[in-house]
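Each of the next two complexes has chain A plus one more chain, namely chain B in the first and chain C in the second.
What follows is the complex of A and B.
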């Protein structure tokens, strides 16, 4: 019987010196990367940053708080559409549209979290699965055509580099995504390592025990749903900006499932893990596309076959994902050295 | 009036498909408290097997029954090889495993049989001898096949020793084991039966919705809605729920919301039932001790 519980997220409060150094190094790399990459690669990197934000949102809900969502593509869609509609139909600046998209998604997530309170485990999975399936159809609903553009979707102009900065448009968009991602990651890390984070983990591991300790589970769970949806919504808004286009069919079931794959591969409840997950869901389909050039049409099935096999084998052999593997490796190294 | 009768009758035909899927879901839920998200894809794969056999020149009904046998074997194999290893795992783990199965079977079908849409022949005649205009012969046949299958399943569970042992294993595994029932084997048989029931659903749906690797995704959602509406721990409630959902879907699609967003009807039913009456129309209210 494999160990199945996601690894605990509780760590000592504060950041060790080694950790701060690692974060600093990562930031420098992130800032330097677009100057070494081509335009298209920069675009891909922006997508990785966006997926990381979305995965972070889902991981707060599913990994940390234990509420299963198979339908986070819906919040990604709401964020994307709200931003696109505000910019195209109401002429709002994109800088204002992104936070508004986040707020709208917070409200949507909070509202969805209310009925979700009554649903445990597998029933919540069912309800969110239904949400994921229905999303593209709801976006095509005729009554909203004037705003959503119906089946065709909406085209929006990609933002230009402001203030005459010496950056290409792709580089500017990358930095925009990064500027959204860094405070969101900082906030999530602080949230998880705080009293609130411990309460969320307690609810995940044993709700009744948490409630007897005075944790208001209903409040925490609905708020987490809202925060999680807001993160994913901001990611959706950024995606619609960098792609310059939203359409109903890009927000189907498989988007929601990709997000699930991302947090499982990266590691449930792990914050650095979402970066691994984001790299994974960005580059594996690309890689498989290149395979299908060599192997023919049938290799189109490859990414999802890989996803599926990974989902099952990770759950069987390594339920804590890449983050857990890294942690084990680090422990092994420390052990070998004879230190603590 | 004519149009309404037509909508209700063709709703019943798809309702039969939903009832079969719901029954398959409930059979697994009763035994293991798990909701099989891969049920639809398993049914889709079975339908492809049937298509391949018919394409190879087998007569329809031979292919039909051979598909049931193969589906049974595949379903039992999935239980033995994959699901059993996650016995007692938390809900999140199991859901992720089911999603893994879903995408594996989906891409396997796409790889083996390509993503192009295929037509699937119906075993029933082209033109109707009676009821013309109200219901197509295939729809009538599908209702008949569904009802026959439900009756067979009822007889199996109610009157055969194996059916009794399976009910015992599902209701109280520990006591069942003590009186000599092999609970593990019953689970494998249950999965096999559920896969076969799903295969019937797939083969009855394919002439209506056409055959492609994503054909069952919407149907699975209606199957969930049906199972929840009827009560997820009551097979007959779930089957009845299937017919109700089929009719509701068609009427809502024709008169209320338009056919483009019919799936939202399923979403509304699922969330509505879960919130207002989680035990469904015919399920037992479960009281858990804290």
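What follows is the complex of A and C.
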């Protein structure tokens, strides 16, 4: 039965030769891109990489482990603020601030994961939603003013290119984001394809059955929450670095919703899918804005209507996200080649 | 047919032009300026929590449309590219970079919000792009010494406080002042402004400063403290809810000070009515714009110009919205600066002319009020006129005071 082989290969986790080649090609493109793009475009690409990291974190939690979070903007904010405070108030190097931001978010996520154990499905979504609502307000809280800068936020000096490398500041920051993203992606891919990953999926699909098999659901779920928050926190730290400013307004509720939209558009539980999701978050609102300008001069209120229409169309065309659509496409090609 | 030599010469000239393009030394026009057009940019919260302010961007676009139909500025049309930032600073940074690097605008005009403008100030100053007439009252945007490319527009809270202090000195020099202020930059700006004017006398004049947090349910205890300090003059630097509580409580405990109320909290419907109209009689505040709903401006020629503009260019918009008259004034100021630049539209010249407004009058500002800037003064509107609450409405009195 040679015709079913390629399909099986596609479905198989791990690194086939074709997959390695694809990853290698993607890496080369990623490294070459900033030299072809303008400074502004490089800045946008850095944002895409950052969103991809955040989405990856959320996807581990929601896609792989089945815990819905509407509040990942909160961890994004914590990561961003921890990095900013360490750099501005304590004079720490940004290279050290980023992993610390990740660790702090791991702790925060782990702790939030404990009460989350008692909440399932829609209730957990509401609890995390509350977290996203509360965070911008807490950041304004008077007692933290000396550190957070209150409503005024904190300004960071943008990092300069070190060691006299022949890179612009935007290119350097892009490579910094990429240098954080690649090991994180590698780790996530390994995690998902390991025994732990299978346990996480088992918990998502049927927690009682998983527990019967000897999976410590409570430990896995809280740890996943922590890891997921850590990923998102690193993304937040990188964002505050490339933007050079954090304030409570930077981390509104819409950020949390965008992240959820991103993983659904990319495909739940899909690791390459988060890149599509990140591209969506970064470019579709701009695209909708431009489209509404074309449609009429008083259309300034319409971009979000257009965004909505685009989102609905995409979900209609690809109900299981970009990853699902790619899978289907590959299967269709294989099916046709095999001549039934 | 072109000769080979002509093509080579043209190529050489083109290469030279390309080589010279970034930052030529003198008199080169800013990016975005052609013989027929001046391209300028801004960010506005068209979506998100502050989207009510989006009307400012729409009004400004309509104003420039009017200017363009009347022939533009010195023969050039103004093209305003207004992008949505949803009041989110990271988005503001992205959009401003798009405007500067991709759209190649000459300057950034009237971007809205304290946080969004804070996020882009370093970038714009580093790249020497004018950040003109930012739409916020925060006093930090009028700092030519450290940020020579950033200029404010709204009268700052400090300016307002200086005006109150000057009025106190002029009419009641022996006053004992109590201040209620919100414990953040907004509230503290009032203390700074009064210190500017009182100087060494501050400690003697301000007998009590009481602060509150926005998380507190009431300010009752602060009012009692202020009353017992023996103050006879009361400066209220509070947002609407707390201002209403303060006015009511001061009246209820039988404290009868002369009250100065921040113009953030002068709304009759949302502050004075909840406090009790009769309890607010005699309160003073500072104003700088002609309130579109005030019957006194019904036949005012300046407001008539504004209404004509509204009827023609924004027929669907509400003529009671003071954001619109605000935006009208800001856009007119922008057009004036470009007009003053004449044929030289370099960024340096634009900044120089922005800092060279001399007694520029706007139809939407109170009579006698003008805009003035200089290389050391980046706060264009520094004047206010006081008005007193009659129990029904605010009534202007006295003359224009410069803060």
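The definition used in the following text is that the second predicted complex is superposed on the first by the 297 of 340 C-alpha atoms of A that agree within 3 Å, B and C clash if a C-alpha of one lies under 4 Å from a C-alpha of the other, contacts with A are read in each partner's own complex, and residues count from 1 in each chain.
Assume a contact is a pair of C-beta atoms (placed from the backbone, for glycine too) under 8 Å apart; a residue touches a chain by one contact, two chains touch by 3 or more.
Note that the coordinates shown come from a computational prediction; the quantities given were computed from them, not determined experimentally.
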First, second, both or neither for A:304, with chain B first and chain C second: both
Per-residue touch tally on chain A - higher for chain B or for chain C: B
Partner chain(s) touched by A:133 [first = chain B, second = chain C, both, neither]: first
First, second, both or neither for A:118, with chain B first and chain C second: first
Which of chain B and chain C A:38 touches, first, second, both or neither: second
Touched partner set for A:196, first chain B, second chain C, both or neither: neither
Chain A positions touched by chain B in one structure and by chain C in the second: 141-142, 297-298, 300-301, 303-304
Touching residues (chain side chain B, partner chain A) in the complex: 33-35, 37, 82, 85-97, 99-104, 106-108, 110-111, 114-115, 217-218, 221, 224-225, 228, 258, 260-264, 266-267, 270-271, 274-275, 278, 290
Interface residues, chain A side, partner chain B - complex: 1-2, 4-6, 62, 66, 68, 70, 115, 118-123, 125-127, 129-131, 133-134, 137-138, 140-142, 208, 253, 257, 260, 264, 268, 297-305, 307-312, 315-316, 319
Complex interface listing, chain A residues touching chain C: 38-41, 43-44, 47, 141-142, 150-153, 155, 158, 239, 243-250, 252, 254-255, 286, 289, 297-298, 300-301, 303-304
Interfacial residue positions of chain C with respect to chain A in the complex: 46-49, 54, 57-58, 61, 82-84, 86-90, 93-94, 97-98, 100-102, 113-116, 118-119, 122-123, 183-185, 213, 215
